[in-house]
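The next part holds the structures, each set out as structure tokens.
One chain, subunit A, appears in both complexes that follow, with subunit B as partner in the first and subunit C in the second.
This part shows the complex of A and B:
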């Protein structure tokens, strides 16, 4: 049983894609005269070594948070392309809350997290309502609603909420103590724990609850679940609120971590939304797979920078790797069965 | 245009055809000899290898071993067009026609008569008229194909093959969508074609039409030829036994039920495709709805199941008004439903057998406080698989790995397990093996006898007559006739299905 599942995992398209990506990446490196082993080693040590692990975990917080946000509706076959807008709204709402809350600092942090989550959720629900009530496909409504949200936050950070005297498009810094506790002197905060808890909750819902079952079946065959009485509009609304809520939470975490303010563009610049969407798609929105894929991309992202510093191989190589993995995965290539025949019983 | 008369006595000769797919041997050294000028029936249950064999003959699949001779010449077809060039032609189960084009345009498509390099439309129309007259296939060359009834579309398909000079016609389940009268007309056409020296290979699982319409029969089972019979010297029982490998009781008429209180009552129901339908189903009763596909049966059942909007009328289930209730509310009030399309609606083929069996039970018997323990799902699946004889390697294989009959058993088992007072069943045995058909019929009768109401829609008259206590016939969205079990003989039903019945009393009173 375990041997079979191990062989199954080795034969999965994911394994093939990752290995193919590494091999083709190595060919690229050889072609440019670089040593692939050195480059890959630089990626790994840069991302997972003592100097890089903090940055990797911080990046993981964002990538995994957005990956979960997009995986939740994707599990039911719904695609939320509005992660940027929902995240940024969550961020600016958390900043406004943090700057204006009369409560003591720890309670303000909680309030800011909740407010950011609520803002993202509310905005995603708007996209869901556009589909349910007006028939605008979710893919379109969520994407198009994203732009005004990003622009609104940008406007707020540049004009009404701009830090007086600063030349940067950013709000004032949050009051002392209004920040997520960090681990040691790293940039890793409690936000990582919150995102990990969200991942655990997602896993539990997916595998162990009736709702998770309905979500999975809807994703596999929406007509089947509708036939059995699953109400699609209600499900869309609920999944989008959770999705937007998670994106908003990531925005709030971003604001409540260094540099403890809303800086225009700082939430969207790292591309959490698209990397997260890629990770969720890669894993077919399966909970565990989404976590692994998100971490993998965070490693590539941080390790790529380190590689550029130490080996003069441009970090774009990691994007090439990412692209190859995705292309192979989309083609669903896998190792031929005969390589595993001895172990697999059909 | 007429081909030179072939010398060989055999139109098609397959020898030792073997075709292997991963995990199955679809054809195992199959020999098939089809004589020129005969109607040759190729029979077998689902998965017996009929379709594979025809795909090999028609150039869609390459055989792993074996030879093909067409009209005495050895051939290997790389594609269906090569097969067509050699004089073969196939009418697929789902027609390959352009709905928005005319009959003439469809017939000459890809082999158009040309004049100065342009399509000669007048010649095309003339050609279609000639062909139609010559073979008794009356159809208007200028009609749009999309507006033709199914029986005529099939004629267009046949005309297309004749236009391209097909000398051997392969028809895959040609009567599945036809009324009895249309099927009779088809066989008249096929007989006239063979009288002119053309050859017909008929792929089917319907015993009656094979007995009435064919000259010889080849029966496949598990990829092998198990019987070669001359139709005149055989019986339905002999063919059925060859197909299943055991004796089967055909067209059994089950004992009548003992109807009790009213469970479902439908008054003047209207949807986009249903008009003024009245009907009632009582406990302990099976009401059958007969009709040619596309006369509103699917829409009626969809509306009753809560999947299509109701525009007029009233539906009550055990006295409660459910006219505008959601699918979930109807199920909660006591409705279960076996839909017509088991792949697209009734199951999620990519999900496991256990997951498919849990649907509908996942909020009731299997869960507590929103949790759905995997162990409960598995135990439920094992119990149902056992009780309904679903053959699956384990309950964790995807449902797509099951054969049609087993998938249907899974679906029916899941819905019967709700123990709902009302069961809606559409086409319970379409594409299901004879062996499984008996099992499914027995299950439905047992369910009725346990005091449940069953509303059955089926295109198989023998099924309706064998199971139903009362029979309604739908025609153009209305209940055109209503018969007791004794009145519902094949001829009466056939006429009503073709729209020739005297209006049923309740249908006559109903308003739009």
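This part shows the complex of A and C:
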């Protein structure tokens, strides 16, 4: 029994995809004249060693936050491609709130987090309304809305809200104390805890509530769930507001962490949205799987830098690796049954 | 004067890459394949054309290589979605991501630069009658695609495959053959679109230089209801928005406003057409 289930797990498209990704990544490494084992070792030690673990956990905050944001609608078969816009609006809103709030610092932090979340949620709801009321597919409406939002935030950081006298496209620094508490000297902040709590809430909703069941059923078979009485438009609206809210929260966390201001491009440059989407797709939006996949990709992303230092292979290779994994997964390739039948019968 | 011939000319230049990619997308749509990998195929075309033109000194070989490379790349979608019945949307997203990673990786390993490869000796495409040869080709392609779809037996079979694959199969038309054909063709067209972008509109390669144009092409397919002439009009709208954006930038508007213009205009047009379409009853058998 355990043998067959082990064989089943090994035969799953997921295992095949990850292994195929690693093998093709190794071929790339050989092609550029590097030793794959050294390179992969550099990835792991670079990301999980004493020097890298802080960066890995900071990156995990962003990647996991966006992965959850995209997993929530994906669980119902909806794809939100507007994570960048929702995150950036959350960030700039948090920055404006933090700079102008008359409240004491700790309350300002809470207010900024809430404002950022609300901004992201509101913008994502706009994309949902485009699908519900105007018949523009969510995939397209969310993505097209994302570009103007990024442009708007960039404009605000460069002109009206720009720090006077600075040559950088950034807002003024938030007042003293308006920041998420960090763990020790690291750049890891309470934001990681917030994102982890969101993951726990997602797990609970998915596994233990009627809403979670409705979402999963809609993802598996939208016509069946509609027949069973799930109201699709309302569900789209709710899921997108949660999705955008999480993306906005990540933006707010980014602004309330070092360097405690909104810097144009600093939220989108690490590619949280796409890495997060990849993680959510890899896990099929399952809560626990999304957490694992997000951590895996955060390790790849941070470890990629270490790999570049040791082997001089560009870190972009990790991005290639991620995409290859998803290509194989989407094509639903798996190891042929023959390979395992032998092992089980012998 | 705001609306003058200069504006129209720059609109027509901005139009070409979108039009080529959107034509490919429209053909796929007609054969029942939702192709959102246009952006990635285009980006790969950009890089291949620049790299080939640089190493051979011939922009024409660059165009050819871009078409071949993007066609080869499109096989991911063909094999994944048609043969293995995978999810075309996820495959398309993955292809777009892979293209960004792959071209950035190659930019650093092949050229040893990060961000942008730009060299005065890089050969761009010459102009014929004021336009890139690929612009002429794109207009011809619209006409050919329109005639093929409405008049030729291949076009009829293609539409049959898209609208009722089982019925088409019963009549001896193999849906997979037609779907492979249009996906490969969309790869060729996207490769040409990329070559036009990197060797025509400008002569350089920048990471992620397609900047959402493949997605605009996907929208153009929707706006134009996957008909070649409709797609031409939709792409023209985008070209005008981009050209008007540049013009406004000249008048002192910040660059961010002009960056956002094409997307806002596209969304607006999408609202208007879908709102009108919702009031008129949808013909039976049409896909939503």
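Here is the rule we go by: the second predicted complex is superposed on the first by the 328 of 346 C-alpha atoms of A that agree within 3 Å, B and C clash if a C-alpha of one lies under 4 Å from a C-alpha of the other, contacts with A are read in each partner's own complex, and residues count from 1 in each chain.
We adopt the following convention: a contact is a pair of C-beta atoms (placed from the backbone, for glycine too) under 8 Å apart; a residue touches a chain by one contact, two chains touch by 3 or more.
Predicted model, so just to flag it, every value in this text is computed and none were measured.
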Partner chain(s) touched by A:212 [first = subunit B, second = subunit C, both, neither]: first
Touched partner set for A:314, first subunit B, second subunit C, both or neither: second
Which of subunit B and subunit C A:135 touches, first, second, both or neither: second
First, second, both or neither for A:330, with subunit B first and subunit C second: second
Which of subunit B and subunit C A:220 touches, first, second, both or neither: first
First, second, both or neither for A:228, with subunit B first and subunit C second: first
Superposition-derived comparison: subunit B or subunit C, residues of subunit A touched: C
Which superposed partner A:281 touches (first subunit B, second subunit C, both, neither): second
Shared subunit A contacts, counted only where both subunit B and subunit C touch the same residue: none
Residues of subunit A that touch subunit C when the two form their complex: 28, 32, 79, 81, 130, 134-137, 139-141, 143-145, 147-148, 151-152, 154-155, 158-159, 274, 277-278, 281, 313-314, 316-324, 326-327, 329-333
Residues of subunit C that touch subunit A when the two form their complex: 36, 76, 79-80, 84-87, 89-91, 93-95, 97-98, 100-102, 104-105, 108-109, 212, 215, 218-219, 222, 254, 256-257, 259-260, 263-264, 266-267, 270-271, 274-275, 277-278, 288
For the subunit A and subunit B complex, residues of the former touching the latter: 207-214, 216-217, 220-221, 223-231, 346
Contacting residues of subunit B [partner subunit A, same complex]: 23, 305-307, 326-331, 337, 339, 344-351, 355, 358-360, 362-363, 366-367, 370-374
